[in-house]
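Can you read through this structure? Questions will come right after.
Per-chain residue numbering starts at 1, and chain names A, B, C and D are given in the order in which the chains are listed.
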Amino acid sequence: MIDKRCATIAQALHDVHDGATILISGFGEAGNPTELIHALIEQGARDLTVVNNNAGNGEIGLALLLKQRRVRKIVCSFPRGSHGHVFDELYHARQIELELVPQGTLAERIRAAGAGIPAFYTATGAGTEIANGKETRTFGGREYLMETAIHADFALIKAERADRWGNLVYNKAARNFAPVMAMAAATTIVQARHVVEPGELDPEAIVTPSIFVDRIVHVPDPVRESDHLAALDKERAS
Amino acid sequence: MKGWTRDEIAARAALDIPDGAYVNLGIGQPERVADLMPPDREIMLHSENGILGMGKAPAFEDRDMELINAGKKPVTLVPGGAFFHHADSFAMIRGRHIDVCILGAFEVTCAGDIANWSSGGNAPPAVGGAMDLVAGAREVRVIMSHRTAQGRPKLIEQLTLPATGRAVVKRVYTELAVMDPAGDYFKLVELAPGIHLDALEQATGAPVSAG
Amino acid sequence: MIDKRCATIAQALHDVHDGATILISGFGEAGNPTELIHALIEQGARDLTVVNNNAGNGEIGLALLLKQRRVRKIVCSFPRGSHGHVFDELYHARQIELELVPQGTLAERIRAAGAGIPAFYTATGAGTEIANGKETRTFGGREYLMETAIHADFALIKAERADRWGNLVYNKAARNFAPVMAMAAATTIVQARHVVEPGELDPEAIVTPSIFVDRIVHVPDPVRESDHLAALDKERAS
Amino acid sequence: MKGWTRDEIAARAALDIPDGAYVNLGIGQPERVADLMPPDREIMLHSENGILGMGKAPAFEDRDMELINAGKKPVTLVPGGAFFHHADSFAMIRGRHIDVCILGAFEVTCAGDIANWSSGGNAPPAVGGAMDLVAGAREVRVIMSHRTAQGRPKLIEQLTLPATGRAVVKRVYTELAVMDPAGDYFKLVELAPGIHLDALEQATGAPVSAG
């Protein structure tokens, strides 16, 4: 019988190796797999390359992973935020490498990896600094950049519901990067608020089919980043 | 020199959005456009992070941090709205399905070049979806102040800041005027009340043509 | 108020011009917009380029459009079937042009058009006749072909449910090419079994968001191709 | 020369499919593999036209022509199955998510080249998803008869028919043997009962190595 559920969160992350490339879902605080990231901190892997839209907020989740100096390089579109001091300090101290990728190009490069497309062309970034060092090509009189797939060793994503096969649905805008990240990693690890039996998810409404998922951890009541940030603000104000 | 208020600029930009349009509004001042739409028009708001049909901000007690917009603020969903993933969301942008995108900008040139992602300081660079939007939306428009706080023109001939995109801006709304980048000059579409053409020319760092 | 519903099927197709490129959804008989195709036959446009996975069955829908000599060229992956005599005859008489595209490449080329990707690379077809005349390029030691987007003037697709904004859901395997075709055409025309009010479709389960849809026609009880084929077989046997 | 029956070949191929695998089975003889899986294994069947979790054929009165497989025959969906569109379906294939694909073939070479889409006649060419599958599945295996009806070998050194893919086939199951393309020869994995190596060599159009 197929059962992708892991008994413990530690077990789900046991084989993350130093130097791994890890896709982490989330946009703002929606969809961040905070508990998986905290388990990754426990697990100990270092020298990581992390792909996420942002670069962490406050001192939780991705920001905490950064603070622990476990990330060599971050690939993201928007490494700024009202609570982005951890990344900021590392960046200014040149203690982290940044690859800045336009948001849509980031999503599409991840999808490309998942879909077996080694490279594609996009007009995004043509004529800008983003084009530096990239091949350009003209189609129909317009200039496009060649962008390549972003493959990863692991994806850490957050879902609303999962069944034991690994079919997933999400909650509202917490879907964001998770479906394409699930496609693009050799091993996709999911934290889900609810774990249900196969057949309970409507087959017409499954967003991530089970083929893209390797391991599932049940995290019924994930931390709310906004609570953490509010507490942080309060602490600083006092 | 007065010209339009910020809300008047947003309302003027709203006037140009056709009924039924799919619209992406940048963070900040462009967001006001949604609140100032003529009442006879129904538009559908897109947010980069996988929402079509964004509604107004919820009451504080109703906010859901898994229903936020591209600016990471809580929003709501209108009936007929839909959720989708990031690659699908940017397929809408890159594939020219967004009818109108209204952004803020640091600089816009008469050739339609735009700079709005990097102010050139030493903060970490952050581009978000800006380059995708200017490259992909069918019609890119900008709401901005005409000059910097120091009085330097922001509508100019050549960008001084890093470009977000080239030859993409079709219309600019400022407190002084509505103008269309037309190659080597800005074409005047409408002057704000009380603003004279020579004052506009003075405030603009590129030729302006009223004809 | 936005209402993409058309009063008549003829109105939905009024502006299809001679020489148009038309995407037509469907795989086997699942998802064929047969009533839209019949309305296109009535409408009269000719010299069409049609993109469909197959090349029509029996003498209904796409096969009937072909039989009426309205299609100059067909782009498809599998122009064969147990009831494919109409295409067969035209093909052998050299009265129709065929562009054969591997099925996954076909789907991806259509998606690329919808997603603003002018071209991408795929290993599918490398080292085969499909590669003839195509640019090849090596990534990571493997040979890939460059494939280009398939843009279209119109898409004719079949959905299960639509709301007046144009949000769509499908029925089972009738989904197939429709979502990517809806993205890739300048004008997307949908025949839907059910038309509902905005808000009736679950926003988490909408497959085609309304932005990709231009016109909706309510066809509550579409013809079943299998009934037509069974009748055809009976007629021939007698 | 007898060797394995068609069902025995399918059962032998089924033996090589690990528990929990995502599997695509070609139309015809490969479809039998699903019915002959060892009872202790749960596998998930993929169909190109947007189905994961295909179940057995329904009773005639239960068939739904909007729930058909890649061969256009009515099927069912197992609990835990899902529907998706064609681009997502081929992302699964092209992106190396399908663990095992078992196809039929006209010819397979010892280099792993396969011809299964065009018999070279004057029928219209039709490729379907065959080229995507051989290029994308993690493991491409073939079930085929060892020789043509005329007795010519179908396991050979060079394709005589148009290629579907090059250097992609990892294993071939015939009525005589299980063999792995190994470059300039076929590596014998298992002989069917009652078949001798020299008979196999005789029936094969390329070198066979038992070592």
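Here is the rule we use: a residue touches a chain if its C-beta (ideal position, glycine included) is under 8 Å from a C-beta of that chain, and two chains touch if they have at least 3 such contacts.
Only a predicted model underlies this, so the values are computations on that prediction, with no experimental measurement involved.
In this structure, the chain pairs C-D and A-D differ in their number of contacting C-beta pairs, and the larger number is found at C-D. Chain D has its Cα centroid 28 Å from the Cα centroid of chain C. Inter-chain centre distance (chain B to chain C, centres taken as mean C-alpha positions): 36 Å.
The mean-CA centres of chain B and chain D are about 54 angstrom from one another, to the nearest whole unit. Multi-chain contact residues, meaning those touching two or more other chains, occur in chain B at positions 77, 83-84, 87, 90, 93-94, 136.
For chain C, residues that reach two or more other chains under the stated contact definition are 108, 111, 115-117, 122-123, 170-172, 204, 207. Taken as a graph of touching chains, this assembly fits none of the simple shapes: it is neither a line, a ring, a star nor a complete graph.
Every pair of chains that touch is listed here: A-B, A-C, A-D, B-C, C-D. Those residues of chain B whose C-beta lies close enough to touch chain A in the complex are 47-51, 64-69, 72, 77, 83-87, 89-90, 93-94, 113, 118, 122-132, 135-136, 162-166.
Residues of chain B that touch chain C in their complex: 19-20, 22, 42, 44, 46, 52-53, 77-84, 87-88, 90-98, 136.
Every residue of chain A that touches chain C in the complex is listed here, in rising order: 108, 112, 115-123, 137, 139-140, 142, 144, 148, 169-172, 202, 204-205, 207.
Chain A meets chain B in the complex at residues 27-31, 53, 55, 77-81, 87-88, 91-92, 98, 100-108, 110-111, 122-130, 170-180, 207, 224-226. Interface residues of chain A, counted against chain D in their complex, comprise 1-2, 111, 113-117, 163-165, 167, 183, 197-199, 201, 203-204, 206, 209-212.
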